[in-house]
Structure formats: structure tokens, C-alpha cells
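Following are the structures in question.
Both of the next two complexes hold chain A, though its partner changes from chain B to chain C.
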Partner chain A sequence: MKKTINIPLGSQHISLLEPVRFKFECENEKIISVDSDVGFVHRGIERACTTKFKFDAIGYVVARVCGLCAITHSLSYTAAIEKLLGGEITKKAKYLRILLLELDRVHSHMLCLSHTCENAGFEAMFMRIMGDRELVMEIQELLTGNRVQFDYINIGGVNRDISSEVAQKIVNNLYEVKQRVLGYMDEFTNNWSLSLKFKTIGALSLDDAYRLNAIGPLARASGLNIDVRNEIGYLPFSEVGFVMQTHSEGDINARNIVRLNEILNSILMCENILSGLPEGEIFTKLKGKPNGEAVVRFEAPRGELMYYVKGNGSAMLDRVRIKTPTFASIPAFSHIFVGENYADAPAILASFDPCLSCTAK
Partner chain B sequence: MKKIKVSLESVRDEIKSFYDYKQWHLLTLNGLALAENKMEVQWIFSKYEAMDEIVVYYTEIENTETIPSIVDMIPSAIISQREIVDMFGVKVDGSEKGLYLDEDSMQRPLSGCSI
Partner chain C sequence: MFDLKKYRKKSPWILHYNAGSCNGCDIEILASLSPKYDLERFGVINTGNPKQSDIFLVTGPVTYRSRERLVELYTQMPEPKVVIAVGSCTCTGGVFRDMYNVEDGIDRYIPVDVYIAGCAASPELIIDGIVKALEILEQKSKEMEKPHKLFREATSEGGIVNRRHSALKVGEIDEEN
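Showing the complex of A and B:
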């Protein structure tokens, strides 16, 4: 008689917001192998980019890959095109791009932390963080016109300048968010439901992080120094105060702490940008049609996002390849589940902060 | 970005001699449809803690040829290998079809001759 049982998690499950299915083979409570299926909502965006849209519209198309990190998608694509066109954008546009990128990271990490609380059965904390997250959504709307899927970045710069009133509102809201995140830090460090309970659970060792090419907060929580903001010269991250956040334990708790520290660092970067925002134009007209190949990477909230773009000198591109962080992390996710108790699977999954909208682009 | 052309037969050996898992990570496999049932396959790597150091190994193949797997050297490659199988309709050693696309979906949508 077979000694193992198969238990599915998804494609619809209370701990998941998006369709992914993991099939766990369990021996008693312990997971001994994992199979994953991510192909429920494939939308064919890569094909649409080369058959339906001209290159100057694609920045807005790829912003629809993901509601949470729309800015990183449009920024990565736009940067690839700017590389092919050979243009340089103004320093002010670069600073405004970083501002939006970091605001996106703040609210995305807050969403992940709130789901971690929900999975821990800490509903009040879940609602508190989601409520506080509105402070960030509010300033994103002021800055771009939209709460999510903002079409803020265009080839050559950004679409809207920032007024002094909006800048002041951002400073005020971020001050509030910072105070609240410091409060979360206390909860995530000292509250049993959110700290001790998650220590040693869902751990990824540093060697496995290297071996499985882990990226983003998942890798940094295991002590792996990988953050694209540290590896590209295209935007001046170090100038505005970027500091890589790492941890050594590699478990759920470590991922939470890394995300909390990253929120604080992102807020600092936003404050520095607003206090030292350069004068000048927000847009530079870049001429020509993209020709050749470019690979561009940015650090999305979930890790390294890569765009490969190939142009042929016409308005239609030959290829747009999007490598999203969750997609690249699936082998690491599967590895982490093995050896864990099935009962911990939803909490482990939430700590990965998976984005299936990105994955099934 | 540094591009290195390799043959289909030598790609495994080339990547094996190049890849140090504590220095480089695999970004992804990429495919590019070329004319007349041909495609370019790319293995894209990035160096840890280096400024924009990207290395791309690439080879041109007929769509009927089988691409060797690198999963024994780089376990995370499995997901990109399965994607390329679905998107281009090519064969990759040990990589099943059906990661993204169901039987009734458009097949091999990026190959330039989708059905």
C-alpha cells in the first residue's frame, strides 16, 4: 500500500490571492515532494508586444503585467528602449523614477506583511497594515493619477512633474508610515504569532540560495547579497541612500524582517529624493527607432526583473522577453517546501510573496 | 552585454566551464524566432555584485533539434526550459510541455508559426 498522500494547495485556496497550484506529496504531515502548476492565466503579453503594438506604446502594455509592480515593468522596458535609442534622460526624471519605484516597494512589502499576519491568524494586524498601506496608495494617486497600474514612465522621462504641495503630502504620509512600520517591527520581533512561530520555518540556506539562483527578499533573508539596485548604474540609487538589507536565518521571520528594513530604507530614499530633487525638465525627446539588443534589470519588490528587447530599426520589435521574479523563484519555492509540515505551507507560501499575475504574463 | 556564440553540441561544456554558482546566476533562457523554422536560443547570466555584467551564450538551431538540458548544473533552469518548450514548440531534454499552455490554447505562440 502507498505510504504517501497527495494534497493539493490551489489553484484556489484561502491563503492565495492568485491561481497557482502546488501538489504536495506528504508522508504523514511532512512534505516529501512538490509539483507546481503556474499556467492558469497566461495572457500572451510577450506575443502582443511584437504583433499588436508599436514600440512607443509597449511601456503602457507591460505596465499591465502586474498591478503591484507596474512601475518596475514599465521602467525596465523603457530603460531597454532608451539604451537602444542611445539617449540620456534628465537627472530630475531619474530621481522621480526612483521615487515611484520605492513607493511601489513600500506598499508591495506592506501587502506581503499583511498577508503573513493573516496566515498567522492575526486578523487585526492584517487590517492595520492594509489600512496603513492606504497612506502610500494615496500619494501614488496624487503623483501619478492612479492607485495602481500607473502610466507614469515614458520613453525619455516621466509624464508628470511634482508640485510642492504633493511633495509635502508625500513627506507627511511617509513620516506616518515610518512610525507605523517601526511599530510593526516591534510586533514582528516580539509577538509570538509573528516571530517565534515563524523562526526556522520555511528556511533556505545560503548555499541553497546560491545553488537555486534565489533572488529578492527571499535570497537576502538567507544572506545572499543580491539586489539589482546595487548592480546597475542606470539610476543613482546609492546617491539617494540605498543600503542593501540582508539577514542570515533564511526563514519566514528573516524574510519579514528584511522586508520591514527595506520599507524603512525605501522611505529614507524617498525623503532624500524630495529634499534634493534636482531642477530641470522631466522629459527628453529621444529620436529614432530601436535597433539591436538590450538586457535591462531592475529590482522589483519580489526581486530581479529582467527585460530583453530586440529591435530591427522599425516601429515593431522582434522580441520582448520578460523574466519576472516569482517565475524565476519557483524552483527555490519548491525546494523550501520539502521537509516542512503541510500545515505550515500557506504561511511559507505567503512569505514568498508570489505574484502570479507577473508569472503568467 | 557580452554575447558568446556556441554550437548546440558544445553548449553544455561551455556553460559548465564558465558557471561558478557563487559568482554567476542564470537570469533565464530566451528564445528568438529566426526565419524559416530556425531559432536562436540564449542562456543569459548575470554576475553577483558586479555592475551590469551580463553574459549571453547563444546558439542557432532548427526547430526540430533537441536542446540539451542544463538542470543538472543549474537546477533553477528547469522553469525556463519548460517555458521555452511551450512558447517555441521545441524539445528540451527532460523538460515537459504544459507549464503555461493547455491543450486548447494557441500552441508555440512565439515561434513565428503558431497554431
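Showing the complex of A and C:
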């Protein structure tokens, strides 16, 4: 007689923002194997980038790969094209790019934290964090003109300058967010009922994180020191006070703490940028057509994002290849699920912060 | 006894399905349910079960693999139901139009009652759309209560106009114009 039961999760489920299907094979409460299907959102963006759009429009198309890390996608593509065109952008434009990149990281991490709490059954915390997240959305709207899809970065600089009133508003709101985040830090470390759902659940050891190619906050929570912001010299992250955040436990709680620490670090970076924003133009006109190959890496909120762009000297590109963070982490996801209770599966899944529209493109 | 029709208007439940969007509209739907915009003051709650839902919120341009699930979810919802297309790409295909795995909008597959434009649709627009959908839901509930008598005389005033008659009438007006 067969002793296991199969439980499907998805493709439409209350705890999922996006269509993904997991097939859990369970023995009583324990998950013994997991099968995932991530291809529901495949739209064919890579193909359209080489056949439908010209190279100067693709920055706005690849932003629609993912709404949560839209800025990282358009920034990576733009950086690759700027490498091929061989121009140098101004320092002010670079600083404004980092500013929006870090604001995006703050709101993405807050969404992930609130979603993890909701899936663990703590609805009040979900509402609190989502309410405070609006402070960040407000300043993003002031800075770029839109709440989610910013279309802020173009080839050669950024699209909007920052005024002193907006800068002041950003500083005020970020101060408020910082106080709230310090409050969550207390809640996540000391709340007894949250600790039952989060501590020692869904643990990933350092060896497994290294062996299974985990990246982003998932790897940093296990103690692996990887962060692309530490490795690239394209944007001056070290000048604005970037510090890598790691944790040693590797469970859901560790991931939450890493995300909270990264939010605090990002807020510090934004404050440093605004206090020392260089003068100058925000846009440099770059001439010519892309010719040759370029590879660019950036740290999206979920981990390393890689762009490969190949041009042939005309307006249409030969190839655009996008390697997204969630795709690289899928082996680690499947490994973590094995041996856990099925009841914890939604919370574990939310703590990965998966982005399926990135993965399937 | 409970008057279900009355409570349906006071507390419509939402079913949300992502048919291949970029998450932008999905997080705006979450934001509109959260304290600042507070859609829940209309009695709206987000459920995962199609069989208990009244309003169907769809985001995304309908990819090749999600279309069967989209139609399946729609057919599982009980009448009366309202479909809202959230975001430009859900209405027309948007930036994804003519990509090889995309079906250019949901109205190829299911009837849509409210279209919400914008990339991404802002929470204010989503609230407007849902308030509009509540009116349509009430109208549809009333429509369902009326007894259907097909082939009734069209001349009776205030009576029910059957579907065939109303369809002909629309066609006549179009011919005149």
C-alpha cells in the first residue's frame, strides 16, 4: 500500500501572489519530496527584446519583467548598454540611481516581511508593515512620478532631477520608517508566538547554501558572504556606507533579521546620498549603436541579477539574456522543504521571497 | 432567515488571479487592502476560493499556460459575478502585446465588466474600479431575480425585455447611425 499522499499547492492559492505549482509528497505531516513548476508566467520577453523593440526602448521593457525589482532590471540593462557605447555618466546620476535602488530594496523587503507574517498567520503584523510601507511608496512617487513601475533610468542618466523639498521629504519619511523598523526588530526577536513559527523552521546550513548555489538574503542568512554590491565597481556603494549583513542560523527568523538589517543599512545609505549629493547634470547624451558583448551584475532585493547583452552595431540587438535570482535559488528551495511540516510550507515559501515573473520572464 | 442578497452587496469577496503579470499590479492590490487605502471598509476580503467569491480580479496579459486556469476559475465562481481587469496589460496586452506566449488581454477568454488602466494601476484606481463593480454586482443580482420569460411581447411597457429583442434593438440603432 502506498503510504504517502500528494498535496498540490497552486497554481492559484491564497498564500501565493503569483502562479507557481508545488507538488508536495507527504508522509503524515512531514514533507518528503517536492516538485515545482514555475513556468506559468513565461511571456517571451527575451525574444521580444531582439525582434520587436529597438535598443533604446528595451530599458523600459525589461522593467516589466518584474514589478518588485523593476529598477534593478532597467539599471542592469542600461549599464550593459552604457558599457557597449563607452560613455561615462555623471556622478550625480550614479548617486540618484543608488538612491532609488535602495528605496526599492526597502519596500521590497518590507513586502516580503509582511507576507511572511501573513502566511504564518499573524495578520496584524501584515497590516502594520504594509501600512508603514506606504511611507516608502510615497517618496518613490515623489521622486519618480510612479509608485511601482518607475521608468526612472534611461541610457545616459536619469529622467528626473531631485528638488530640495523632495529631498527633505525623503529624509523625514525615512527617519519615520527607521523608527518603525527598529520596532519590528524587537517584535521579530522577542515575540513568543512568532518565534514558534519562525525559529528553527526551514533551516539551511552554510554547507548546503554553498553547495546548492543559494544567493541573496537566503544565503546571507546562512552565513555566506555574497553580495554583488561588494564586488562591483560600477556604482560607488562603498562610498555611501554599504555594510554586508549576515546571520548564522539560516532559518526563517534569520532571513527576517537579515532583511530588517538590510533595510536599516539601505536607509543609512539613502541618508548619506542625500546629505552628500554632488552637483551637476543628471543626463549625458551617449551616441552610437551598441556593438559587442557585455555582462553586468547587480544585487536585486532577492540576490544576484545578471544581464548579458550582445549588439551588432544596429538598432536591434542580437541577444539579451537575463539570469534572475530566484531561478538560481530553486535547488535550495526544494532542499529546505524536505523534512518540514506541511503546515509551515506557506511561511517557508514566503520567506524565500520568490519572484516567479522574474524566473519565467 | 438570512437575506443572502442583502449581504452579498455589503460584503463582496475577492478572488485574485495572476495570469502572467509583472507583480506590479498584484502588490498594488495588496497595498489597496492595507491600512492606508483600506479597501476592507467596503466589506471586501481577499479569498483564495473561487466558490465563495463575487469579484474576480485578474492581472496580467494571460500567458499561454494560465489561460485554462483563468477560464476554469471563472466557471467555478457562482453567479452573479463581476470580472475586473487590473492594469493595461490585462486590458489590451500592453507592452507584452504580440509576444509569442501572450494572448493579448483577458477579454478574449472571459467577459470583462470593469477595465482599470495604468501600468501599474494605482490603488486609487483599483478602489474606484471595485466600487464600480459593486454597482454592477447589485444590478446583476436584480437581473437574476427577475423571472425569465423568453419570446414575450416586446410592446409591454415596464416588462422584461428578452435578450433576443434587446440584441435586435441594439443592431437597429447601429444601422441608423
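Keep this in mind: the second predicted complex is superposed on the first by the 360 of 361 C-alpha atoms of A that agree within 3 Å, B and C clash if a C-alpha of one lies under 4 Å from a C-alpha of the other, contacts with A are read in each partner's own complex, and residues count from 1 in each chain.
Everything below uses one rule, namely that contacts are C-beta pairs under 8 Å (C-beta built on N, C-alpha and C of every residue); 3 or more make two chains touch, one makes a residue touch a chain.
These figures come from a predicted structure and were not determined experimentally.
Contacts of A:308 after superposition on the shared chain: chain B is touched, whereas chain C is not.
Looking at the shared chain after the overlay, A:260 reaches neither chain B nor chain C. Contacts of A:174 after superposition on the shared chain: neither chain B nor chain C is touched.
By the touch criterion stated above, A:111 is placed in contact with chain C alone, chain B being left untouched.
In the superposition on chain A, contact of A:18 is made with chain C only, not with chain B.
Looking at the shared chain after the overlay, A:103 reaches neither chain B nor chain C.
Once chain A of one complex is fitted onto chain A of the other, the partner contacts of A:39 extend to both chain B and chain C. Of the two partner chains placed by the overlay, only chain C lies in contact with A:148; chain B stays clear of it. In the superposition on chain A, contact of A:65 is made with chain C only, not with chain B. In the superposition on chain A, the residues of chain A contacting both chain B and chain C are 39, 42, 44, 47. Of all residues in chain A, those touching chain B in their complex are 37-39, 42, 44, 46-47, 210-213, 215, 224-226, 230-234, 293-295, 297, 304, 306, 308, 310, 318-319, 321, 323, 327-328, 330-332, 335, 360.
By the touch rule above, chain B contacts chain A in their complex via residues 1, 3, 21-22, 25-28, 30, 32-33, 42, 44, 46, 48-52, 54, 56, 74-76, 78-80, 83, 86-87, 98-102, 105-106, 109-110, 114.
Within the complex formed with chain A, the chain C residues making contact are 17-28, 30-31, 33-36, 46-50, 60-61, 63-66, 69, 73, 89, 95-96, 98-102, 119-120, 122-123. On the chain A side of its complex with chain C, the touching residues are 11-15, 17-19, 39-45, 47-48, 52, 60-61, 64-68, 70, 111, 126-127, 130-131, 133-134, 137, 146-149, 355, 357.
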